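Letters A, B, C, D, E and F name the chains as they come in the text, with residue numbers starting at 1 for each one.
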Amino acid sequence: MAKKVVTMGEIMLRLSSPGFLRFNQSNSFDVVYGGGEANVAVSLANYGLDAYFVSKLPKHEIGQCAVEALRKQNVKTDFVARGGDRVGIYFLETGASMRPSKVVYDRANSAISEAEISDFDFDAIFKDAEWFHFTGITPALGPKAAALTEAALIAAKKHGVTVSVDLNFRKKLWTPEQAQKVMTPLMQYVDVCIGNEEDAEKVLGFKPGDTNVEKGELELAGYMDMFRRMQDKFNFKYVATSLRESYSASDNGWSALIYDGNEFYHSKKYEVRIVDRVGGGDSFASGLIYGLISGKDYKAALEFGVAASALKHTIFGDFNLVTVEEVEALVGGDASGRVQR
Amino acid sequence: MAKKVVTMGEIMLRLSSPGFLRFNQSNSFDVVYGGGEANVAVSLANYGLDAYFVSKLPKHEIGQCAVEALRKQNVKTDFVARGGDRVGIYFLETGASMRPSKVVYDRANSAISEAEISDFDFDAIFKDAEWFHFTGITPALGPKAAALTEAALIAAKKHGVTVSVDLNFRKKLWTPEQAQKVMTPLMQYVDVCIGNEEDAEKVLGFKPGDTNVEKGELELAGYMDMFRRMQDKFNFKYVATSLRESYSASDNGWSALIYDGNEFYHSKKYEVRIVDRVGGGDSFASGLIYGLISGKDYKAALEFGVAASALKHTIFGDFNLVTVEEVEALVGGDASGRVQR
Amino acid sequence: MAKKVVTMGEIMLRLSSPGFLRFNQSNSFDVVYGGGEANVAVSLANYGLDAYFVSKLPKHEIGQCAVEALRKQNVKTDFVARGGDRVGIYFLETGASMRPSKVVYDRANSAISEAEISDFDFDAIFKDAEWFHFTGITPALGPKAAALTEAALIAAKKHGVTVSVDLNFRKKLWTPEQAQKVMTPLMQYVDVCIGNEEDAEKVLGFKPGDTNVEKGELELAGYMDMFRRMQDKFNFKYVATSLRESYSASDNGWSALIYDGNEFYHSKKYEVRIVDRVGGGDSFASGLIYGLISGKDYKAALEFGVAASALKHTIFGDFNLVTVEEVEALVGGDASGRVQR
Amino acid sequence: MAKKVVTMGEIMLRLSSPGFLRFNQSNSFDVVYGGGEANVAVSLANYGLDAYFVSKLPKHEIGQCAVEALRKQNVKTDFVARGGDRVGIYFLETGASMRPSKVVYDRANSAISEAEISDFDFDAIFKDAEWFHFTGITPALGPKAAALTEAALIAAKKHGVTVSVDLNFRKKLWTPEQAQKVMTPLMQYVDVCIGNEEDAEKVLGFKPGDTNVEKGELELAGYMDMFRRMQDKFNFKYVATSLRESYSASDNGWSALIYDGNEFYHSKKYEVRIVDRVGGGDSFASGLIYGLISGKDYKAALEFGVAASALKHTIFGDFNLVTVEEVEALVGGDASGRVQR
Amino acid sequence: MAKKVVTMGEIMLRLSSPGFLRFNQSNSFDVVYGGGEANVAVSLANYGLDAYFVSKLPKHEIGQCAVEALRKQNVKTDFVARGGDRVGIYFLETGASMRPSKVVYDRANSAISEAEISDFDFDAIFKDAEWFHFTGITPALGPKAAALTEAALIAAKKHGVTVSVDLNFRKKLWTPEQAQKVMTPLMQYVDVCIGNEEDAEKVLGFKPGDTNVEKGELELAGYMDMFRRMQDKFNFKYVATSLRESYSASDNGWSALIYDGNEFYHSKKYEVRIVDRVGGGDSFASGLIYGLISGKDYKAALEFGVAASALKHTIFGDFNLVTVEEVEALVGGDASGRVQR
Amino acid sequence: MAKKVVTMGEIMLRLSSPGFLRFNQSNSFDVVYGGGEANVAVSLANYGLDAYFVSKLPKHEIGQCAVEALRKQNVKTDFVARGGDRVGIYFLETGASMRPSKVVYDRANSAISEAEISDFDFDAIFKDAEWFHFTGITPALGPKAAALTEAALIAAKKHGVTVSVDLNFRKKLWTPEQAQKVMTPLMQYVDVCIGNEEDAEKVLGFKPGDTNVEKGELELAGYMDMFRRMQDKFNFKYVATSLRESYSASDNGWSALIYDGNEFYHSKKYEVRIVDRVGGGDSFASGLIYGLISGKDYKAALEFGVAASALKHTIFGDFNLVTVEEVEALVGGDASGRVQR
């Protein structure tokens, strides 16, 4: 019997211009569905867990398409409430070389951002669950979504569920002040905290070190200092982050760092040629969660997470459509890309 | 020097599943831009008039795409204000045979629906203009858009501009009560009124005759009675409507009726095999307007309008991409579809 | 709690040249998955039933794609055994006007055709089930599949499940002699028998009347005589058939006939403009089954079935992706194809 | 050993907007290759004859693509000279309902239009050949092409080859006066003449009867009178024409008429739903030629031709990709379009 | 009020096989429109200038498509004469790694190559203009186009317009001897001259240094020497060139060099992963022109130009669809390609 | 008169998900045809040889498509027997970066695997032939195919034809034990043997050296030792192998090694950015064969082979669609990828 895991958040309609076309060059948009917590649910289902995604989607056909995208990947949609007006949308233009990818959000007033706590039966949701994952995006959707997140966290803890968060600061959704006010009290429920320096600063108010994410430089020392302070304040079991070195829109370095309150561990670094970098962080979180929930030690879990997300960068769409076997093969050292036949 | 004409309203991003696919069968959506008044502007520009479209669109890339779609068709976008949050969206699934086309609207909070009167310089807009066209959709977008419409009408009349309206009742935007309250006072500015029985009832409160639009039956007598009453009350110069006989999603009969306060004229009827029926009414309105503004008598203008819109049904997208020469050839009787080479 | 229904058979990979292209004109094939019993399962799931599809599929990625196609449509795949070598394939070229559609089968040695009875736990499968549907295709796949079908039928009857069959003679899979030898003894388990004259003759050995299916002529009298004889011999509760009038590859007449052992009922006839006629019979069977299981009288059930399958002809792919509401709207008389907005 | 047949003329690059899109709506053009005599060569190769196409094409890659398109269909390209500057091009926009298809030619200065007689070894070309087909398009390409045609005809006759012509008047290539001056002396070499009233008038100077091809009306009597006069003057063995009734760009009636100097025979008439009507006349000519060369009587040959070209209307591109078996099935009466499986 | 700039030349229909397909692998060609001077006009319009493109295009639909492509990008087409027979065409196959891209030209006899001076009102064209840009391609189209170019230059100078040229030698259009004879006298009108060593040698007769463009090696010293000699002879205000290091069809180094008659300045070098390298030189010229016209010093203008053209390499088609803001961000140092959201 | 060469084996239908999509992300599969020996035949035909492909394909349309794919590339299909049930299929998912490409085979029971010796007239096949090439895949298809291979080899030798083999071990088709039993006796007919260490070990039983193909490391010394032993035992005229360094699915190093019984020669190494690596080995074999048959010395032949196959990696599909001129240009040192125009 597979372990039950739960994520809650928004799943959006993603509309992207094909290939490397600019928005105004295309007569069609590629359609996929995705969003931080949905992406994590899909990965966990792909890894064989019993993954439930909690959200709200309109009753109309576009809402139904989002449900079917989840169902296809074996995510349980029993707790997707149906109602509200819109599916959040984001437009994506894929960059190349020195031209960055561009995202235009059109997600205000989505069904989940206006959902009521009464739309969900959290006792049923968390019954027999082992893990709950959320991100800083959901509370940023508005006061209702923030209240919903808190209610979920309280229920999760009531049921003894392990909780992870991906801080994920989104400057278009709220200010650092708003973020800190909402997010800080939620940290008491969190066991595993994932976030980079920018997230820690903007969402939790930690003063950053010298990491310059724009330049893609990595300052491990700065991260270590910050992780220690985060762990001190919130008593997280683990603090972790992916570390992206952005050489260009086409090539990135990719590794990760974890702190268990005692020791730091910096993973192997992958050089990735990018097909689609959206969902990279989510795939890292999912891999780490899968590693921890399946009984790996935290270092092995981190390696699983970073290998999983390295693979994500080679896969179109928000979802990381890989199996445990594929990730393990990469963790095991085969990055040769030889044809499997 | 081409005559200056003005339309004002919303231009939306239209996302349609390709061919006859249902929404959930496609990995891509075809992208075009359209909307009642924008469609009319495009037709009038195609017919060689100096057509201005007045609207508001966000500064972001999707807003820019809508501007470029208009510009490509030679519509003047000098009076498209830039700002606001969203481009309104509608999703379209094309029906066939007895399966109807389906539209899912996601247009709330579009930039134009929240535009201010101060976003526009109506004196500049209507300077030297000969015609202004609007529809019942714009005031239905909300109180601000209704006020904007009224401001435009007052300015148009100040500049001696002829005004046409397509009543276009949209039940998802407002109730008949709301529609009548807002639209009735606007009729004093209108010279040419276009609308079918349902529109006249819902938007202006005229009790309908026996026309059953669902069955595609036509009751000319009912229409005549209603047109007389409309003309009596509002002193329209012309009242007109297209007459659709919906045999199926694939085949329709298509004709039109006009009343000049004195006489009725029922156009030739076309049997159309449908490629894309969206924008059919707008193409009729544009053809009628072009006919009147270019000096045809009202019967010839009506024939031009109905032929133009018959052709529209064979063209993908909201815009009716035909020339005066193509419409005239059809009016002239050549519906043989022989290859032009 | 939705009623549990079960179908068993093969789901194939369908590869079709796009639009009306001949096989050798296309550089790509459209990909869907389908097959008689899978199509029925999808329809029943779409209608809100708890539909289980029983089959066997290879563990590789193409097998997985078939599973995901079912899962997306909410079909329960708990009883899809994984193993064997191949997914059956069929190639489809869509005809137009007087050019017929063409099917090339490549389905020998598929996983389900070589499945063992021990691959399935029929007690679990039929526990609490209300209905079991199979077709004449599955036993035609080979001796193992025939034995598997019989085992399923015995188990179904043990659990008091209602059984329907669609006779579906496939001349490329077996001869009439083989068919009759295998199928005749299975009829004792059947409550509802669906089949046209050709099926009844080839599969069950009934001498046909004068119906000439090639010419698309309908001889209701011949059918009535045959249905009476079928009911006499096998004591079916209902015998039914769809009635296709093939004017061309583009246009068909479509109705259906049912016999309850007492009375005949001939449904309304639809004139369909065809998008994709594959799965037409399956969609009829599903609609009839849904009608009967949901408590409609047999005439209303037949009307639901024939309307459902009329709609199927307008939908790409094998699956009939329509809802109860859409079918009921057509049954209720709205075939006008007017845009739903 | 298959019989050797020869055609000579131009093969063009055809660029068409996909589906029913207007030229300015598409970001891509579908690519096929075709042209009157090339289309005939392809059909004859498909019917199992040893078909040679004589032409000239540039050495560059686009010229090579045209060669490969022929080779794929088993046309022998041994006598395609390589050189010259351009492949002729035509742009095609597919019409629907009352909107006609549109062709824009860009074929001036193509390699074949500027070819020298010395580019070809006509003795080798016509050695052991049984049939030579040309059309009125090739001499219309210019003086060199006219001289080339005459040289080919003289050589063909020297080798005892039967000659057919499709008169095919093209008003964009020359005037009636030019056509008559060039074409009249070539008629002495012709055994089988194919052409409609317009062709006979414009190309050969026969005063027309009352046929109004624009209206799609058919005046068999007028045709009969003209055929008699043509046969009188040029002593053709057979005179034939296809008869198109153009109801719209989507639906045509299609039949044919032949005269053997003694009797008239009017074929069965087909009602065709059109996929692609380009090459309709060529497919008729090919079917008639195949019928005659394979020993059918002229009535059966005509029926083969008209059935072949009815099928052509359902096939994308210029080439009629059908087999003898498929044509015979339609001649035999099966126009039901039932799935072949 | 935006500054008025003018370019004159040919806009062609570009037909490219999708992705990396060879010409003979594709059933469709991607369609864009472009050409040296048109590309510059589009860039300048995108940068906010009032850009006019002077050319001649046929009245037919393909000519119209070219007009619309310009209009969509806000280029003013008031001075595009309509007439002539053809739109020039080029076929493009995109290379990868060590396989070069391939271009097949089919541009002879295009409308602009046969245009008359009387097709244009140069006084209106250059009234209030600040800049005129042309390239060595236009005079190479033939004697008429050369005369037209000279007429334009004389008129430009009469109106006090600054003139830039991109020498752009095209060996398929003329010989070095022809080029020098036509181009040398035109240099008296030029203020800013852009060209690499090959251009300077072939078009202006300057003996080259050791630069080996095939090997992608760069010999700055050789360039400096040549630039000095060019400036000496023609008294250009600026001489500039882009410097491409062609490692492969997939990766290039890209920088630029300018000389102000006094000092040399070599820009920053970008390493570009190529999406589409056509139009690279045009985008450099446009960026340099924009920089100079908008008041940047020549070094900053060069950096703008080279950054703009680095971005061009990541954009499909001939046009460089970037904004001033995007170029400035790259000039400012952000080449990380991080997602903009 | 071109030299006659013969290859014999299987041509499969290849179905690949577009771009870098995973199998379950695509609604269509790209369609090409290919297979080791067919790929060699295509290359040799492209290089101007008279190339015959010997195989068996079903009579149905999919078999016909494979024939046409060969014919288009000028391969002679006179000796392709028609019959049997299926065309072998393989599914391909293209990897990127550290994600490997994936192949799913569905080739059992293909027509060629069940062909009889009597399906072929080997005397006609090898009459006047100069070269015969086969691979280790064909005998691996089953006992009939192994016997067929032996019959072909005996006939080839009878006609004095030079024979090459590409050992090509396929673990999904047979075990090393089976391979060695079948293949060892066939080596007596072989003049030129191509194979890497894995092939030599698995197919011929040579104990490998230290080459680790997974890591992409190259141990030339190990190869040399093995080649000497292979030559000793079988008296091959040449032993050769391509040497792939698999850095990732996107980038490979590519060179080759040959031994003439006396000397070793290691070619130039290319760094390839991969578009499609399938058929890389076949393109190497074809290039080497072409080099030897056209009279190059073995070192030049090897350089031709390795350059040809470097180019193959940039071309979609199994076939290496390059000309002798293109390969020679690369051999000559131009790997700059500059646009050819």
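General remarks:
To be clear about the criterion, contacts are C-beta pairs under 8 Å (C-beta built on N, C-alpha and C of every residue); 3 or more make two chains touch, one makes a residue touch a chain.
The chain lineup, named per UniProt: A, B, C, D, E, F = 2-dehydro-3-deoxygluconokinase.
Treat the numbers as computed from the prediction; the structure is a model and nothing was measured.
Think of each touching pair as a link: the shortest run of links from chain B to chain F has 1 of them.
On a Cα centroid basis, the chain most remote from chain F in this structure is B. With centres taken as mean Cα positions, chain E sits 44 Å from chain D. Residue positions of chain E touching 2 or more other chains: 19, 22, 24-27, 68, 72, 102. Listed in rising order, the residues of chain C touching chain F in the complex are 15, 18, 22-24, 26-32, 60-62, 64-65, 68, 85-87, 89, 91, 93, 102, 104, 106, 108-109.
Within the complex, the chain E residues that touch chain F are 19-22, 24-25, 95-103, 105, 170, 172, 213-216, 246-251, 277-278. Of all the residues in chain F, the ones that touch chain B in their complex are 25-27.
Those residues of chain C lying in contact with chain A across their complex are 68-69, 71-74. The part of chain F that touches chain E in the complex is made up of residues 19, 72, 270, 272-275, 310-311, 313-317, 321-322, 326, 330, 334-341.
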